[in-house]
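Labels for the chains are A, B, C and D, by order of writing; each one numbers its residues from 1.
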Amino acid sequence: MKMLEYQAKRLLAEYGVPVPKGVVCRAEGEVAAAWQTLVEPGALGAAPQNLVLKAQVPSGKRGKGGGILVARSAAEAREAVTRLLASEVCGFPVPEVLAEQQLPGGRELYLSVLTGTAPSNPRPVVMLSAEGGMEIEDLAREFPDSINAVRVDPAYGLLPYQARGLARRAGLDATAQAQLVQIIAAAYRAYWESDAELVEINPLTLLPTGGLVALDAKVTIDNAARHRHPELEGARIDSVETRAAALGLSYVELEGDIGLISNGAGLTMATMDHLALLGGRPANFLDTGERVLRGGIPDGLGLLLANPAVRVVLINIFGGGVRCDVIAERIVEAVRALPVGHIPIVASLHGRNDAVGQEMLQQAALPRVTVLPTIEEALREAVRLSREPAPEEGSGR
Amino acid sequence: MSIIVDAGTRVVIQGITGKFGSYHSQLMRDYGTKVVAGVTPGKGGSEVGGIPVYDSIAEAREEQGAEVVAVLVPAPFVKDAVFEAVDCGMRLIVSLVEGVPVKDTMLTKRRLSESDCLMIGPNSPGIITPGACLVGFMPGHVYLPGPVGVVSRSGTFSYQVAGELTRLGIGQSTCLGIGGDPISGVSFEDILTRFQADEGTEAIVLIGEIGRTAEEEAAAFIARHVSKPVVSIILGATAPPGKQMGHAGAIISAGRGTYASKVAALEEAGVPVARTATEAAHMVAEVLRRN
Amino acid sequence: MKMLEYQAKRLLAEYGVPVPKGVVCRAEGEVAAAWQTLVEPGALGAAPQNLVLKAQVPSGKRGKGGGILVARSAAEAREAVTRLLASEVCGFPVPEVLAEQQLPGGRELYLSVLTGTAPSNPRPVVMLSAEGGMEIEDLAREFPDSINAVRVDPAYGLLPYQARGLARRAGLDATAQAQLVQIIAAAYRAYWESDAELVEINPLTLLPTGGLVALDAKVTIDNAARHRHPELEGARIDSVETRAAALGLSYVELEGDIGLISNGAGLTMATMDHLALLGGRPANFLDTGERVLRGGIPDGLGLLLANPAVRVVLINIFGGGVRCDVIAERIVEAVRALPVGHIPIVASLHGRNDAVGQEMLQQAALPRVTVLPTIEEALREAVRLSREPAPEEGSGR
Amino acid sequence: MSIIVDAGTRVVIQGITGKFGSYHSQLMRDYGTKVVAGVTPGKGGSEVGGIPVYDSIAEAREEQGAEVVAVLVPAPFVKDAVFEAVDCGMRLIVSLVEGVPVKDTMLTKRRLSESDCLMIGPNSPGIITPGACLVGFMPGHVYLPGPVGVVSRSGTFSYQVAGELTRLGIGQSTCLGIGGDPISGVSFEDILTRFQADEGTEAIVLIGEIGRTAEEEAAAFIARHVSKPVVSIILGATAPPGKQMGHAGAIISAGRGTYASKVAALEEAGVPVARTATEAAHMVAEVLRRN
């Protein structure tokens, strides 16, 4: 679960990471109060005060996407917030805008804590670069020597000497270096205690006045650990993906027109790949995982049919623990419950009890459902159907 | 011949009294697996379909000689189940449940490194030695005893590959999924070593996925340590970068673990890469013919 | 640092251990409010309500020492609190009384978490006995089979299966057993997170209504870890021992008449033992530890001279890292700063620069200080002086 | 001959720029110890009395070949210093500071068990091989090279015992304090094993204390594994039960670790128990005469 910027900053601030003062605006009317809180007291002295307004969307590219604006007056701020709330940034609607004091620029560092997955010895990794403000991939390419990393033994946690070892190489004066040690330790604690997959502070900026501040932050929480973090419940982002996740399904929207339901991430990817080989274009990745019996079919169909790009649905299930006869039942029930529609469904059922399941589907004689004996035939049929001209039936969407 | 499990393997099901646990213990038993005990705390003394239930793994080990644990408890309790199994000296843990917090697996793996216990999973479909022993979810009828070892990160797709092999009359020595989570117990290398040493295995199928670098590492290992023929397939050729595919599964970012890098590494190690399950099965047939 | 009962219960309650409702009374006037809070609402139904009044002193034997009284009315409660606050229980004054609802009796268990110090593998140990309400030593003698223990790997913490394994053997019904698992986990967390040396819940009582409650609790915090627990600062007990501890000294009051200052716990014990062999009776154990130079001598002398039983002071220092000439200086300064008094001081200085130090002390010619060349001679002199009749000098204490 | 440290031992002082650290590094150097480096984070590049100072132990090891760390940082920082030393592969840690939280030592010891590093302490007076190497607080002039190994839980009292030996003209091979805290790095058994194997050691003095059971365990070990003569002394004969004697030191409770139980265990193992330092020294003289 990717947290929004302000959620990530709030979390980090709780652990002692300095962040700019900010206020979240959800409506135009909230801007005036934000301006007053953040700017009017002249919190940063006599310098002219600007406000930065940042669209809260889960994308690292919103700066280029027009999602970050600067306002030099309350009127400008109001206008900017209004504009952002009405826009779409990097493909996301903008329900919230973070208004922050604009801080004077300075040296930018990069800091992250992430789960290292080296098969022999998976451990949390803390990465620090004396260069920051660009994506880690670009950093790795342009300033590979600037990146230092330490691996943390999860049995003992990050040790101060490790944090000091990283901080020492950032080329800061003693005071800032000491503060960096504290920030590294805080970021690690936030990572560990929140079951995060990634905590990234980029840029971590050295203000002209000497202090370090997290100007931007990303935090991703391990979905599997959400039950341990009721305190993070408010931090969900509403999107098709998270709605699917709430149903226990893994859903990723793609560009094509074949709606795909499969069970297992590998099988789903394999089906996508195979469709592509046959010239088809999947509209999505939808893995029911182990919920194939518990709502996976009707919920998945519901999600797919809500996507106007979908022209045909392919259900490709390989039953291991689950029996294909039971899956067939679920498909029949789900399809019968659907509104009458013109989207054809191709089903491929294999694995445990597959002969029975296939037979049951045939017997049900659902008008929109085609059952084919091999996976390859089913895929070919789905591709073929995706290329047919849209029928002109009466029932619209 | 086979690796890790065979007809003599004695299995205890952790979480046997749950709906999931009782259903799968029955399926495993139907396949012929020696399911000698179950464990559910607080239900010790009862039984499920004739299988005695204990309060702890230690008791199941003591009283029924169980040496392998199949973990079928809900994901939040998997860490505890695995620690219990390691602490009481089990030989093998097959961790079948999806949705285990990554931090739990990290700590589990740290603990395992201090022991001689092997863990398959979490989020593994299990392990099957066709005709002898199934500890997991595999649809047994798809499998056939024979000379091909299959090791996979994917679950259901590995069934499909086995099914394609069986359709061509090619049986399998042992098939297993190492698990689809970011961190797994046994690695490709652990399993390749065992297939290489197993007299009953003549060829190996390695099913990988995009994301992370397990396949690249496996390729390097194969080049140095595996003389038996290996055929591979990598899933996710068409997955868009930066998107997470599946619960905690494949994610590609920034040139690490891309489809292209994996295929290149494997081909450099002399491992042909198939594009579909059917193609993989035919490649195996070809490889076996040549040997 | 031993916490008082109410401090220990407050800590455990924060971790989720059920404790009886209670109020701390520091003056007679507070009893009426306590009675109202705890008894009048009839919190336990229609049963006649009593109040238990417990003197808050750091002794496990205060029940036998008259420190626990039961009151059946507000008047009785007031009288009991007045009596306790004015009394001394097990040698301690009673600044505070804990007033608690008297709960109906039931089966009593024993639960503790302590630091196991097995040299090869020191680990936290969780102990549970199906019998409780008596000291663990007596339990171990009378019901050795009732005690079960698990060792916890500090790298991973207490695992639920370990707590269940213990709870299972307590012979409780399923509900109470599940509650016990929670209490064991909570006690372990309290132990670990507070840097405790011991967390003991005894008795852990099974109420007739079915719930488990910690009727009494002891918690000892590792003094060395106090800097990590500012939240526990309020939990100190004022006594000579803690006042000494605040000065960085280890002080234990004994029954004899020779006040002893030494550096190092081993040397201090050795000196006590040796004094006893020579027929002397130490009045205390006072180990300056590494504070032998940082206030250890004047602070130690101050503590000893405040004890009316002390008839002679023996300073036995063996300088390792510290130089005896510097120690001699400190002794001279400290003795010169003392009020004129009749308590003689015997000093024995050995180790680094001892010849110089001994010479300096001799040269200072302090009227009350005797310096002797060997430790044995110094000890003999101290014993001899402790047996002399008290002088009749004008200056009193 | 000696154990653990000798004239070639290269020592780094962790915490060298502190008052305590600089004072003791000077004393050790004066005694002849090869103090080759110091460490204080943030002070790398400076020096203390000609000894180069580094920011980390790893650098001191790399640049000066230090293999032994003397830990002289304030107690709250000891855990970090010890982990750093273990992680970078030092051979020996001498942890001299008192007041280290017991939990820190417990975790430290857990970490040490995963390495080949030896830790003396915490709350140890150090280790001395007379005439060759001092890593600790011992007053050097009290010691004399010779055939007696001394291992102690106490600090200052062990100086007194060494002094009494020296007064009788009996020198010492190596003397060390394992530390007075509830949990220590090396145990009596670790040291007894080394003295038994050391050609330069002809007799051993073991100085114990009431509380815990280290002496009882040492006695059992001596009976089975130590053929050289051992003389002992147990401190705290007159300490009242249930009272804690010293910072985190001896505490007796409930028949565990009493004076009587320790003396009985030692005497049963054939180890005579002296009552004073002078008596112990005379017993050693006697034992050496007999051999």
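The criterion applied here is as follows: a contact is a pair of C-beta atoms (placed from the backbone, for glycine too) under 8 Å apart; a residue touches a chain by one contact, two chains touch by 3 or more.
As the structure is a computational prediction, the values presented were derived from the model and not from experiment.
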Fewest touching-chain hops separating chain A from chain D: 1
Set of chains whose contacts include both chain B and chain A: C
Pair sharing more residue contacts (C-beta pairs) when A-C is set against B-C: B-C
Chain centre separation (chain B, chain D; CA means) in Å: 51
Separation of mean Cα positions, chain C and chain B [Å, integer]: 56
Mean-CA-position distance for chain D and chain C (Å): 28
Contacts with 2+ other chains: residues of chain D: 107, 110
Multi-chain contact residues (two or more partners), chain C: 155-156
Touch-based graph of the chains, sorted into line, ring, star, complete or other: other
Pairs of chains found to touch, sorted by chain label: A-B, A-C, A-D, B-C, C-D
Residue ranges of chain C in contact with chain B within the complex: 155-156, 159-161, 164-165, 168, 174, 177-178
List of chain A residues in touch with chain B within their complex: 115, 117, 119-124, 135-137, 140, 153-155, 192, 195, 197, 222-225, 227-228, 250, 252, 254, 262-270, 272-277, 282, 285, 287, 289-290, 317-321, 350-352, 354, 375-376
Residues of chain C touching chain A in the complex: 155-156
Touching residues on chain B, where the partner in the complex is chain A: 23-24, 27, 75-76, 98-107, 109-110, 113, 125, 136-142, 152-160, 163, 180, 182-184, 187-189, 207, 209-210, 212, 214, 217, 233, 235-240, 243-250, 253-255, 275-278
Complex contacts: residues of chain B adjacent to chain C: 41-42, 55-56, 77, 79-81, 83-84, 87, 107, 110-111
